[in-house]
Amino acid sequence: MKLSVFTVPYSGLSLEETLKKLSAMGVQAVELGAGGYPGNAHLNAKALLADDEKVQAVKALVKKYNIEIAAISCHGNPVHPDATIAKDFHDQFIDAVLLAEKLEVQTVITFSGCPGDSEGSKYPNWVTCPWPDDFGTILDYQWNEVLIPYWKDTVDFAKQHNVNKIALEMHPGFCVYNPETLLRLREAVGDVIGANFDPSHLFWQGINPVSAIKALKGAIYHFHAKDTKIDERNVGINGVLDNKNYGDVLGRSWVFRTVGYGHDQEIWNDMISMLKAVKYDGPISIEHEDALMSIDEGLSKAIEFLKEVIIFETPTSMWWA
Amino acid sequence: MKLSVFTVPYSGLSLEETLKKLSAMGVQAVELGAGGYPGNAHLNAKALLADDEKVQAVKALVKKYNIEIAAISCHGNPVHPDATIAKDFHDQFIDAVLLAEKLEVQTVITFSGCPGDSEGSKYPNWVTCPWPDDFGTILDYQWNEVLIPYWKDTVDFAKQHNVNKIALEMHPGFCVYNPETLLRLREAVGDVIGANFDPSHLFWQGINPVSAIKALKGAIYHFHAKDTKIDERNVGINGVLDNKNYGDVLGRSWVFRTVGYGHDQEIWNDMISMLKAVKYDGPISIEHEDALMSIDEGLSKAIEFLKEVIIFETPTSMWWA
Amino acid sequence: MKLSVFTVPYSGLSLEETLKKLSAMGVQAVELGAGGYPGNAHLNAKALLADDEKVQAVKALVKKYNIEIAAISCHGNPVHPDATIAKDFHDQFIDAVLLAEKLEVQTVITFSGCPGDSEGSKYPNWVTCPWPDDFGTILDYQWNEVLIPYWKDTVDFAKQHNVNKIALEMHPGFCVYNPETLLRLREAVGDVIGANFDPSHLFWQGINPVSAIKALKGAIYHFHAKDTKIDERNVGINGVLDNKNYGDVLGRSWVFRTVGYGHDQEIWNDMISMLKAVKYDGPISIEHEDALMSIDEGLSKAIEFLKEVIIFETPTSMWWA
Amino acid sequence: MKLSVFTVPYSGLSLEETLKKLSAMGVQAVELGAGGYPGNAHLNAKALLADDEKVQAVKALVKKYNIEIAAISCHGNPVHPDATIAKDFHDQFIDAVLLAEKLEVQTVITFSGCPGDSEGSKYPNWVTCPWPDDFGTILDYQWNEVLIPYWKDTVDFAKQHNVNKIALEMHPGFCVYNPETLLRLREAVGDVIGANFDPSHLFWQGINPVSAIKALKGAIYHFHAKDTKIDERNVGINGVLDNKNYGDVLGRSWVFRTVGYGHDQEIWNDMISMLKAVKYDGPISIEHEDALMSIDEGLSKAIEFLKEVIIFETPTSMWWA
Amino acid sequence: MKLSVFTVPYSGLSLEETLKKLSAMGVQAVELGAGGYPGNAHLNAKALLADDEKVQAVKALVKKYNIEIAAISCHGNPVHPDATIAKDFHDQFIDAVLLAEKLEVQTVITFSGCPGDSEGSKYPNWVTCPWPDDFGTILDYQWNEVLIPYWKDTVDFAKQHNVNKIALEMHPGFCVYNPETLLRLREAVGDVIGANFDPSHLFWQGINPVSAIKALKGAIYHFHAKDTKIDERNVGINGVLDNKNYGDVLGRSWVFRTVGYGHDQEIWNDMISMLKAVKYDGPISIEHEDALMSIDEGLSKAIEFLKEVIIFETPTSMWWA
Amino acid sequence: MKLSVFTVPYSGLSLEETLKKLSAMGVQAVELGAGGYPGNAHLNAKALLADDEKVQAVKALVKKYNIEIAAISCHGNPVHPDATIAKDFHDQFIDAVLLAEKLEVQTVITFSGCPGDSEGSKYPNWVTCPWPDDFGTILDYQWNEVLIPYWKDTVDFAKQHNVNKIALEMHPGFCVYNPETLLRLREAVGDVIGANFDPSHLFWQGINPVSAIKALKGAIYHFHAKDTKIDERNVGINGVLDNKNYGDVLGRSWVFRTVGYGHDQEIWNDMISMLKAVKYDGPISIEHEDALMSIDEGLSKAIEFLKEVIIFETPTSMWWA
């Protein structure tokens, strides 16, 4: 496994400044945004695709700092009911794939996307209950008329460009939000589709990430180290379905936290161990989002924490068994 | 408190057969459907409003069996994005109110309803997350342009017809789905809006119904005795956000159950005690929905269970304090 | 074991009315107050000691209703720092012992009492912490100068009058409030001192009554069936040390409840089973104090509950071991 | 489902006295011992097989009391390393099968048996750990050389005599002691082998019987209603592997109990519900073994408890899904 | 937040030696005793108030080692029923306030104090239960006749001398021992009164310190990092009300421990996070009291632990919300 | 306490290489295998006993690296039913004792051993249940005819050679596997017998190692720092009695892990604290067996973890009590 960082919080710094900083902190890999929600501060796909020298410069830079680009991220909603928005996200994803090909990066990360309730709708409709029957009708439309066709085409494109791992982040607000929906799409579309496993979106759903990792054996293509703190007293009254702004730390049922501040080291040790047991050996990529910490302090705490937790090496034979 | 039954499962029997049966089982009150999702098998509002003799016949019937009509139910989605559907639900609700007035019933039960994402949408859009920003936009539209205006008008109508308690069932798939959203609408519209407290929709959200009852002190207008069994192993992998059909008992993360088969007697004792402590003294109305039991057996078990649990009488002074 | 009731809640009824009522409910024994805090509505010791015919009348009455007097209660504070109060409680206890002798009742129940901080104080000083050193000084005074001498004398008196079981209720506000303090006094004074085991005073201290019963093997002389409901949310903020009035049900950290409304049947089954395992075969005496229930309903629920829980018969040999 | 009783505790009564007694208590079926550890007080196989009139008399008797013979039990160790003992158990089992055929009983219950460590050993060797390697060697011998061959033959015999369900009780001390070992034998030998599911042997192993029932979907042929109380304080020091005599109630880590005195009603409701969900609809057979209760009181408590818990009827369609 | 140490354990060293030692360990602030129970080894108020040069010397010293005096401590019982003791504690507190003014320290820490049961008593009477009525009488006397008047005067004095934060340590044995009593005094006397939040006195009361911090939002003026280990097996028998000497580590229900040895890092992370969320940004001051560790080892472990836990910096804006 | 390492994983390195490596990692002591299951890579007893110079060389080596030999290990089964195997283990143990004498090492570690079911058996028979009666018979034979006589003789021999601490590792597969069986043998044979306390064999039995340490006060002679991860989902179905190979990490109910990867730091802090409280001040010896980690990474993590956890120094007086 490698210790990686998703560089969005340092969008204010240049790629080189960022790599320098992370290298000094002992980070071995980075996940770089190339469009979509994460922005493209460190990897301007359009500019890079237009100028191969710039691509070579990026390659030289990561080599200089001995840091691997573990994945390119381009989270978006390419099936957004608003066609303009959808196309914009789609185009950015296509560019991310093309860039990945050039940079020889294996993995591109995004969301599954979420359509609206029907063709006339304006916004995504995230279905989380089976009744009244409206919701079944929406699901049928979303999966069979939009989602599966879209990803069949897009996976074909990715394959043609040597990107064989599209890591979908299971995320609220999108059709793929838990192992069951991830596996459903993977079964329908093929195994280029896998998971970007980010436990912060799973904890509050009641998912035990260790069990979920085991259930996704073979289908995990990337891992986000982000944590979630659940406020049990708030949940006790209002439940986990909280649509209030993330900034309401005292009022919300849960908020994102730096790793180790949402759950204790035991569950992080357990996740890493289960990843190891199902033969995942890829990046452990810190996505820092913590309303109570500065970027430097939060990231630094996350890095120190994960250096203790991650199992970097390959096990030897069992002499005691 | 009174032991009540929501009579939907006996829609195949006449009102009199139903009352006779329930009376023999020791039931003291009924909740009758007068349209909407529950149907109108026992209370055909249109027919009754057209013929006052029929109204008197209903009154005589309940008197004969010494059973009180504790509430009239007419769950619907009067803000459905499809105008025809919305109007149909609205009209039925209006009739239910008028019928309640004639039958001198205090409480009418329904859902808050759930609009679509915008005017052009076809189906409800239930928002349970705050990001991406689409969802905030939808919420703003739903609450400020649709929900609050609708209920302001409807509450005015109800008041004019002496219905002072509209008990909204906090239910997934509708804008009011937990104490926070209930209180938000109540604050915006006035205290004719209160809760039909049905713990079966709250358990799986992570809500502790005892804490929720305390938080809703003064705003609980009706209580549904229905239970939910959470399958911890399924939740551990896929979480509580399960949009699969209720019939998939082995695969789902949770299913509805007869009271006592979802949670033990302790939590039912606690709910009844907290209702008593916040001065709720209304009906405890069994809504029987259990995929593993016949109607007669399930209802009979629920009735026996609740006879043990319910605190029927008023406490005396505390000589020991 | 026998199902017994402490008759204080029926102080408004005569002894005969009370026995008649309880007999009809299937109760097999009673615990009667003969002074002290419980009052003497059903057993006026002064009057009975002065007139042997009245004693015979009581005996005839319990025989008539086939109910045993399982214990006489006279809870007081005979070591109160106010000498007048102390003497009054002491005199009542002495009369209770004499009356027990006449009625051939084995067990008299009371509190250990609680002295003040020193001779000049006016009120009891219940010590529950070891620091600052003032508290150690108080404890030394209370136990060595007051409590042990008092009970040595009183136990001698009891023995002379054939009362061989003084069951001290481990109770907050008194020196004997948990197994450790009970056993300390028993060791100092002798085994006439035993416990009136009332779990309602132990739960909120964090005591597991099943473990406590095992620890008190051989030293349990009477058992009170009273329950306590702990409000976990209130405790979470203010802790279990709650000196607010018992009437503040919503604000307090814990309140007394009818058996089964504070803890579930499992722990009651466990307590009864452990009592059986340590060879206690005496009365299980309901002390009804519940701010949310009427006397009749609360007592009736308690009786039905305990009929299920109590193990009335003696086990047979183990053919399977 | 039917409420059944395993009649061993009434071995001192005749079959008719037993049936009369149980019938009056509302019991619908019985499990009768026909040899092996349970003895043959109510079903002397040798005598019955020799005299068809006696068989008819038994049939008439159960008809008279409207009680079904749900299963014949003949628990033994037919692979005991002592050949004489093994043969004796085997012969009794063969007779039990033949008798089942005559009485038209579907199910015969027994243990898998447990061989010794090798041919020269005298007593069974129950293997519960994988190291040192001795234990792997023993397992290989037991399963491949003894257990599987024995049951292949015996299953053939049973099939020839129309006994298609051999319900092996997963039990400590025998090779089949948990779902994994049961399924292993079933896979090797065929689906005449199924489980007699007795949760009392599973609880202390840490098995959640509800999960185990789901894992054994389709392979459960009989169910024993017996409970186990785990003493958490004793386990905390000495663990669950307790080889002390069952009579040491205070010292042991766990003891058998009447249903409801080992675990609360919730888990019994859950087990019955899961049995229903996996389509088990056979007998729920009380095996009464409780060191703290008399037979009559214990059995009576168990019967009342299970009448509340068991789901006797077949569910109707789901109108709410 | 700043990492601080309460220097009592180093009373054998000079202030300079202590500051030097702590500075080398990365400590940023100190809490210094200036009388009362903590003694005045490092801050002799009488001597300093008499000689301004000595005050300047202290200021120079802390500047030299770049350590801030975060608070002055002078825990006492200024309402002790023994007038001499009370006056002594009061005088020391007054001096501590005057010294704080000179040293420009914002916060002075003490206890609320605890009166006796009445004017004639000799020792404090800590009331933790509401019945018998004696205790209500004592509480009324203590709060209304002693505590509130005393603190009104004392707060006035403090304000006049620019000490605007009197941080009362919620502590057993004193009237203010939990958030409710702290807030009661604060409401009666004004917001110069706030809390010295020391979780070690709250854990064993059943208080969740995270919930308590939230409940005290705005009223926390200082924080003690001390831990408590609860012995669940001892509590299970004797409860949390343990008046045995702190030295009885194996017998007591709880003992003080170095941070991290009473509760795991998760709850410490949670406390720090909640402090941050309620905008507390003051010292986290280690009070080392651990019967199983040497001072140097215990303090060193505490410092390393808190360096990981404390959030030193101020958060930046939330780009993800 | 001292940080020690059991050197088996470095059997491929020479003793000097091993000591050098461990010394550099801050290790203070070693446990060296001298035969039996651990092998004798670092301490060839036969060779050393034959050549005193080699003994002096070992002494010089540990002195050179400032590492203490804390114990000699020679785990075996000297009561194996196969006489040849038994003798071989016995002879190696005898040599280990003689070598300990020469090296002036206090403690020799082994297993109690486990006989067969009788004299004719070939493999050990580990008894973990009391019924059927075969198991009682086996136990009687094993303890009274084999185990106790064997250890009486062997303890005599050890004493004669100044080895006064034989630390038996409580281990599945051997007669001494929990505190009760350890204390039984110690009582029968004398206090040369004590425990090598390895929590990894106790966790899955349900033992709380902290409680077990307290129960073994005075009888703990050595401590193994090894951890066990319990897979709750696997246990939920198949229980803790898992005889599958240790290599089946995903399928087993539990596997060995590096300290901190089986249980969190809290329980390790608690164990160390309880060891300290019962006055154990010996080695904390890492036995590294982890199927998911390399030797170097696993050992390095264990060492860093234990440096935080272990209490190295002796506590000072309690100024706060």
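In order of appearance the chains are A, B, C, D, E and F, and numbering begins at 1 in each one.
In the analysis below, contacts are C-beta pairs under 8 Å (C-beta built on N, C-alpha and C of every residue); 3 or more make two chains touch, one makes a residue touch a chain.
Everything numeric in this text was worked out from a predicted model, so none of it was measured.
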Identity of the chain that, by mean CA position, is farthest from chain D: E
A-C or E-F, whichever has more C-beta pairs in contact: E-F
Residue-number overlap at the chain A/chain E interface, same or different (half cut): different
Interface copy of D-F among A-B, C-D or A-C, judged by whether over half of the contact pairs recur: A-B
Chain centre separation in whole Å, for chain D relative to chain B (CA means): 45
Length of the line joining the C-alpha centres of chain C and chain E, rounded to whole Å: 39
Centre-of-Cα separation between chain E and chain D, whole angstrom: 62
Shared-contact residues (touching 2 or more other chains) in chain A: 130-131, 211, 233, 236, 245-246, 264-265, 320-321
Chain F to chain B touching residues, read off their complex: 233, 236
Complex interface listing, chain C residues touching chain D: 211, 214, 264-266, 269-270, 273, 276-278, 308, 311-316, 318-321
Chain B partner contacts - residues on chain A that touch it in the complex: 37, 77, 80-81, 116-118, 120-132, 134-139, 172-173, 177-180, 202, 205-208, 211-212, 215, 233, 235-246, 253
Interface residues, chain D side, partner chain C - complex: 8-9, 11, 229, 233, 245-247, 249-250, 256-257, 260-261, 263-265, 289-297, 301, 304
